[in-house]
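Chain IDs A, B, C and D follow the sequence of writing; residue 1 opens each chain.
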């Protein structure tokens, strides 16, 4: 496990990489996304776990994204994701629609090292019709029972934010167990954290249940308030006012450029507090 | 969620029920097993998650068990499980052999509400040959790739021990995430705990990751040192001396009767400390 | 007591559907993101019966999920969630939902956020209530452009339930899965059979006689403005401040 | 320095296998329950290289599992575990393992505890070292009564690796998956080609010339009696007290 500067961590992502990131309410890697914009990332294939928010919209607006695989792209209370909506209408990105439990299940399959996993429901949805990589079979345990099989999805990278890491690379994510699924599924996992702590998080019975083992973690960078404008557990709430400001500015190309200039290109997340 | 006395909790289990229990090193429900013996439980179908230990051997010796489904029955350092070994040789119980990850996967499938789940490996093992309920299919995503499918396993009951419960039925199991899988898989879950705590365990960000939600928990009983002679997290270590005593006594029918008389029939676990 | 607000009337109508004695009891109701009206109706049902568990997604406190954001779907797949709410950018007369978009896939003319869990939840939850405040020919269409989640399924397809009702800002419809068709049950005060027909893009049957959507009884209004407002405030502060400012002020004091 | 004990010799032999430069590097070694000799060898490899992660199952501290007892198998299925140790109630000349029993299934004549994870781990871990201290015709049989885990698999069956060696109290064998056959590589001091042949129930090839199993070099003995003993003590107190009482005393002081 390596401890890097934030911009150095973002530089681990090569052009065209498939990168799984959490939505705004799930310890999202907002500071990391801004670092990706700063270094001009290109051709990213983003995976929403299970949906996508600010970080995805920002990266789309900045031209970093070739493909999004997700169940939805949304700014929640702040409305539609403006850059995403523009890009879909203009045909500028490839959108692979999914449905929330299929995102979880495909990652779960990768994390369990199985090539596919079944899921109930979804039959008859046009989402299925547009996923040639999904297959409907007859349940081998029960005749006349069609069921959907999803292939395992192992992204090149999982990236998320967390409260703390220790020097063995163990990361405390608390109740955000979906981040463990991401880390288990991905080939490489990069994490930003509020702080590095001494000792071993896994040795503490109170902390261990919320820890992702360093076995899965390749590198960590400290990024204070790294989920901002998203919130982080009981450390800080989300910044609803900033989400509204983003949604308003990003509604136009010029506004989005102004947002980048003000919040992304020249300053770090910490300075923007 | 109801809070019951230990013997009342054990009385929830009807004759012939399929009951999943953890092994000795995983917050096992030893006090609960002794309560089952006291009330003369019959025809139980025990499920080892993923293996079985003292509680299973005790219940077999006391004549409570019709079937065991498990990857192994063992007293670990204390050697073979004597009642189990005797019962298998005498053909007194039905043994459904499995292999550790298949136990986890079958329960995981039930907990995810999917009818089956694939798993790698195992092809060519005689364990598979003796499981007519398992099926080998050709991987629908890759030709010429035989793969094993396991059916979901939803036991009638999951029973385990934990450090604490709150009055909403939330149970803190710490890093024993396998107990959550058991609870998710089983139709009904009964838990013994060291103590009842005030407040809501899920509201505490430090505790929540190790909590099984009260959604899954039907009833709880306080049983201090309820895992004994097994250990519990950092609360108490296992009692290696007692496991050796059990292994020695249980080697003969008479010795086993003496063990029951001394540790099970007349006294509670707390009094045996 | 102050008269019922339009929002309170909607909440009451949904609560009556939740508590329908002819249906499977709603022991565990789950609420998707950003749905204050269905959430309030579920909290009201909880206050009335004392036996409804309400799990609001994305709520910081008070939801039962300790196993990640996927746990709701696992609970649902197991049949442990009894009732869920769904909406859609488009809803058609056969109960099909479109949360994806309009125009060439995946939405070159209009793009909605995406299907979320609809394709799964609609088929796996035994009871679904459809809720969409906007009642217009833009939303209630003859045929959705894309089916995110189908209103009905052919025999042999595993499905636990269907939409049982559609509640809008103008009216309440029931749904027959056998006929794949809605029936107008009641119109809200100020609306009529004609005004609803004019605003609805799909065809439907009419209950005879057509009722007016009833106001919540005074006891329900009392519960809404007290314990329900208090339960809602942490997750839906803007909504509570708008509808029940007194409750919000009492809480902040 | 005190001469190598028999246990230290076994440990050294296994460590040499772990560090075999011709094989995939063992970055992550997992150890099943109750295996102090393989555990010590893995800790020694870690001390020597500084780059081996050792995960001991059932260890209260220092193992990487925070996702329940199934996490080892998930890690393994993903290919994240490089090397594992297996044994068996019976091992045959084709590398098949029997951990279930003898006589009518599931073991009416002799019943072993059960297959544990063997049927999975043997096929899914790229490198497996077989270890069984008892070297007798009872254990090393011509043909196992039941195959818990097969030594080889037909083409087309997904399999990442095979047993690469068998270490016993008398000797070290290598294994050829192509021939499904062992080769005697070295005998421990006090043993001979003849004594090993006499105690082995299955047929095997012989390396020419046959070596004597080498003692650990003094530096390795130093590491064993210091940091390895210290790392082992919490999980294997009885073993450490028996083999390295000085280390155990220093720790307790």
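Following the convention adopted for this analysis, contacts are C-beta pairs under 8 Å (C-beta built on N, C-alpha and C of every residue); 3 or more make two chains touch, one makes a residue touch a chain.
Computed from a predicted model, the values in this text were never measured in an experiment.
Contact with both subunit A and subunit D is made by B.
Among the other chains, the CA centroid farthest from that of subunit A is the one of D. Subunit B and subunit D have CA centres that are 29 Å apart. In whole angstrom, the spacing between the mean C-alpha positions of subunit C and subunit D is 60. Taking each chain's centre as the average of its CA atoms, subunit A and subunit B sit 36 Å apart. Along subunit A, residues 105, 108, 112-114, 119-120, 145, 147, 175, 177, 180, 208-210 each make contact with two or more other chains. Residue positions of subunit D with contacts to 2 or more other chains are 65-67, 76-77, 124.
Taken pairwise by the contact criterion, the protein chains fit none of the simple patterns, being neither a path, a ring, a star nor fully connected. Per the contact rule defined earlier, chains pair up in contact as A-B, A-C, A-D, B-C, B-D. Taken together, the subunit C residues at the contact with subunit A in this complex read 33-34, 58, 60, 65-71, 73, 76-77, 99-101, 105-109, 111, 113-124, 146-150, 153-154, 156-159, 238.
On the side of subunit B, the complex with subunit D involves touching residues 25-26, 49-51, 70-74, 76-77, 80-81, 84-85, 88-89, 91, 95, 97-102, 104-105, 108, 119-128, 130, 144-147, 175-181, 237. Within the complex formed with subunit B, the residues of subunit A that make contact are 105, 108, 112-120, 135, 137, 139-142, 145, 147, 149, 151, 173-175, 177, 205-210, 233-234.
Per the touch definition, subunit C reaches subunit B in the complex via residues 28, 53, 55, 61-67, 74-80, 124. Within the complex formed with subunit C, the residues of subunit B that make contact are 110-114, 180, 184, 202-203, 208-215.
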